[in-house]
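Each in structure tokens, the structures are laid out below.
There are two complexes below, and they share chain A, which is joined by chain B in the first and by chain C in the second.
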Partner chain A sequence: MNTQRIGAIFEKDFKDFMKNMMLLTMPVIPIILAIIYSRLGDGEELPIPMLYLIVGVTFSSVTASSMMTMMAEENEKKTLRGLMLSPASFMDIIIGKSLVVGLMTLISLIISLALVGIEPFLNVQAIIGLLLLFLFFLFLGIGIGLFTNSIAATSAYLMPVMFLFGFTPMIDFLGLGEDSLAITIANYFPIMQLIEMHDTNSWLPIGIVAIWTLAAAIFTYICFKKEKTDD
Partner chain B sequence: MTSYKLNYETVKSNILPPISLHLHDSHTTAIYSDTDMQAELIDTILRNGDITIFDRKDGLYERLSVGDNVTFYHKWFGCTIPLPEILVMFELQTCTKKPLRKCTHFELARVYYARYFMTNTYPKVFQEPIQGVDIKTINIFLNMLQKLTENKTPTLILVSNMEHALLLSDVAYRLQDKGLLKIEVDAEVMEKDTDEEPAPALSTAKLFKVPAKIEDKVILFDPTEIDYIESQDGKAMIVVNHESFSLDSTLTEIEKTLEVYGFYRCHRSYIVNLQKVREIITWSKNTYSLRIDNQAKSTIPLARTKIQGIQDMFNLK
Partner chain C sequence: MEHAIKVTGLRKVFGRHAAIEDISIGVKPGEIFGLLGPSGSGKTTTIKILTGELGQTAGEVNVLATNAGAFGTAEFKSRIGILSDNSSLYERLTVYDNLKLFCKLYDAPLAQIDVMLDEVNLKDARNKVVSKLSKGMKQRVLLAKALIHQPELVFLDEPTSALDPGNAAHIHRGLQKLNDAGTTIFITTHDMEEATELCDRVAFLNNGKIQELGSPHALRYKYSTHAFHVETFQDEWLVIENEKENADKIGDLIKSGKVKAIHSDNPTLGQIFLKVTGKELV
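On to the complex of A and B.
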């Protein structure tokens, strides 16, 4: 790992992010959503599942999507070819990009949560939960970004990530029975677990989310290995 | 003087002959071949070592400005030469603020040069570096080659154009089925035949045509049609626009007969029709080229020892 290179990538990608309209509109989505929801609530505090819906949208549309898009663009335009001198430099690239994405996510999340009420998140347990959730989406983004070769393809991969993991609280609106299989499975999804954590205050949901994050990390690692052997 | 050895003698390939070549760090080497052979050679180089080849095929960051791109590569490769010096060296200082997608083709080529210059690949290998760029950019490229030589970096240039090979390199090779063949470039070793008597054929000069063979036909060329004549494998080839036709005689023989028509031996392997010369280009490292006024706008090398002759002929100075 080389901090100078990470700094170089961070600076380059930050400037690029600011000039890329496609990426720049992403952090605005959760903020707009938050404004709409805060109007709907008539000044009352929004229920926890609604807050987590905004969190889910932020992480899927900002974290996972920008990571995917940034990596897919590098793949598509072959800009990394001249830069990859050793496998170590690849880590520098990913870390540098993750920092940019992390910063953007943080800004977007804080603004949108401030609009709907940030109080429920101001405790250690919730922050750890959010951090794990961020890593989970980041790993998904990196993994998918590794094998997509065009920006157009990322939107296809983004959809399942968004609907499965970002919009999980919406499953209640599908009108499925309370004990149907889909609901039971969905209840183990990371965001549902974090909502449950707010109800029960137990640390078990954090453990389950950690397992999800670990699984995403393994997924990224497999994608990485596969990419290496393909070259 | 150290050198880097490229050894592909054991490589099995249908196209590529076994090659072994020493790249000296005190001069630039060029290999001239057709594009198929070149592709095969590049493939072999890439498969047999950690060499990155300059080919302008990979992307740059189009949304970012020239300055941002160069700054990024400068930091990424940990280049020790100060950034402003790099920008000046590649004459990019005037367009640092310009986004790459608005840059001209030539400016982009210079950004590519700058990036490759800053990488720490050893040795440096260029594929067709000056194809389709303007004179200013070629000059910048020549300066960069000089810098590489000063830094003791062995440099190899792969081109499919003999003129480029002679212009860019100190030692040029031709790559063929038989193997690598050195192209003689020292004009000093040229046979001295100036003190011979003028050819007695002057009286029939009005009827003179240059016969060239194409398949089983013989085509007669008017000397004024010819752009220039180059030597390939010891055989003279007439070049008219994009086409070339082989002659039966050698360059030295044809030189004598064509002298009266205003042809001039400007290089060991070139005779030029002076009527068709549009421009004498002076490159930075004291090398020269002649630009021909034909559709292809060909440039042919002018040997250092031959510049005086040209200047006398055109009453320059």
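On to the complex of A and C.
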């Protein structure tokens, strides 16, 4: 890793992000959702699943979506190959981009949670959980962005990512019944594990989220190996 | 270093199709080497293998005394410059911001940006957004990007294909200057005038094989019929073989005052390519 190269890629991607209206609107979505939620009820605190819905929207619409759009655009416009042929390593490229996406996610998440109630997240376990969740969505975004060849195609992949991993708590509103297979499987999804984390002192939910993150990292690595050469 | 590029028995197969059958070439340091061939002949595949974008199926590849296995290192990448059909720019950023990125990635001084913009005749476009540039201007920015870190070896895949003759000539002068400073240049082109003007040696690539290799001058002489074509003021053309016994004949014609011009019949590289491969260079 080389800090100068990471800095150069961060600077380039930050400037590009600020000039891309599609990306710029993404961090606004969770903030608008948080404003709507904050008006619900009679000033009562929102239940944990609702808070994680905002977290899920933030990570899917800002982290995963921005990352996959940025990577897919680099792929589509063939600029990624230019970066990979330069002395910058894949890690330099990914870290530079991730810093931009991380910054935007952080701004969007803090504003959103400040509107609906940030207190449940102010402990070490929750912060580690959020960090792992961020990495999970980031890796998904990088991987999908690497194997899709166009920005248009990313929207087809973004939808399942959003609904499966971002809106997972919504499954409770589908009236499937506690014993349904879908609910049982969904309970092992990252966001559901983090919701469960608030009801227990166990680190098991964090462990399960870490496994999801590791799986996403492996997925990204496979996509990178495929993209690295034309073989 | 005896060779900047040394390729022996190179072969590349995609599925059942052999894009490169058997290529062996050696490019000397400081040389401008041209790889000429029609579309689909394997030029771009060759460049991709030489720059580490593709792996070879068989054969030895050595570039700047580095074996193919080490082409992914930052040290190797900083020694080469590439302008290929895969090269592209960030459309929303300015020309300056694009070049600044690559200056920093290659650890080159930022002062190089203005030097390179001057070289490619784009000083006035420094702060223009890339999406507002013409195709030819973008091509020149790409060339500046490929050369900004003053590489030892440059791979140029059709560098002047999108340029008008004026700008192509400007680029040719820049490349010649770069070569005079010691940079080795490996170029692919369809433009035979460009190859004749720039290249120290050229190789004809057809169906993945090198079919002819030599300096443009030597090739033109080799395929010449060694006859003189004499043009008279009466618009007659006389073909006189380059033989000792014809010396007096040519002398007499000149003395008679009939001769408007005497031409050699050296063929162009395009004509030689057609003769060797049976294909036009398109």
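Going forward, the second predicted complex is superposed on the first by the 224 of 231 C-alpha atoms of A that agree within 3 Å, B and C clash if a C-alpha of one lies under 4 Å from a C-alpha of the other, contacts with A are read in each partner's own complex, and residues count from 1 in each chain.
Just so it is clear, a residue touches a chain if its C-beta (ideal position, glycine included) is under 8 Å from a C-beta of that chain, and two chains touch if they have at least 3 such contacts.
The shown structure was predicted, so the numbers you read here are calculated from the model rather than taken from an experiment.
Enquirer: Once the structures are superposed on A, label A:7 by its partner contacts, choosing first (chain B), second (chain C), both or neither.
Expert: both
Enquirer: In the overlay, work out which of chain B or chain C sits against more residues of chain A.
Expert: C
Enquirer: Can A:200 be said to touch chain B (first), chain C (second), both, or neither?
Expert: In the superposition, A:200 contacts neither chain B nor chain C.
Enquirer: Report for A:78: first if it touches chain B alone, second if chain C alone, otherwise both or neither.
Expert: The answer is both, since A:78 touches chain B and chain C.
Enquirer: Tell me which partner A:19 touches in the superposition: chain B (first), chain C (second), both or neither.
Expert: After superposition on chain A, A:19 lies in contact with both partners, chain B and chain C.
Enquirer: Going by the contact rule set out at the top, does A:87 touch chain B (first), chain C (second), both, or neither?
Expert: second
Enquirer: Residue overlap on chain A between the chain B contact set and the chain C contact set?
Expert: Chain A residues touching both partners: 4-5, 7-9, 11-12, 15-16, 19-20, 77-79, 81-83, 85.
Enquirer: Along chain C, where are the residues that touch chain A in the complex?
Expert: Residue list for chain C touching chain A: 48, 51-55, 74-75, 77-78, 82, 86-93, 97, 100-102, 104-107, 145.
Enquirer: Looking at the complex, which residues from chain B come into contact with chain A?
Expert: 52, 57-64, 68, 71-72, 75-76, 78, 99, 115-116, 119-120
Enquirer: Can you check the complex and tell me which residues of chain A touch chain C?
Expert: 2, 4-5, 7-9, 11-12, 15-16, 19-20, 77-79, 81-83, 85-89, 229-231
Enquirer: Could you please specify the touching residues of chain A with respect to chain B in the complex?
Expert: 4-5, 7-9, 11-12, 15-16, 19-20, 77-79, 81-83, 85
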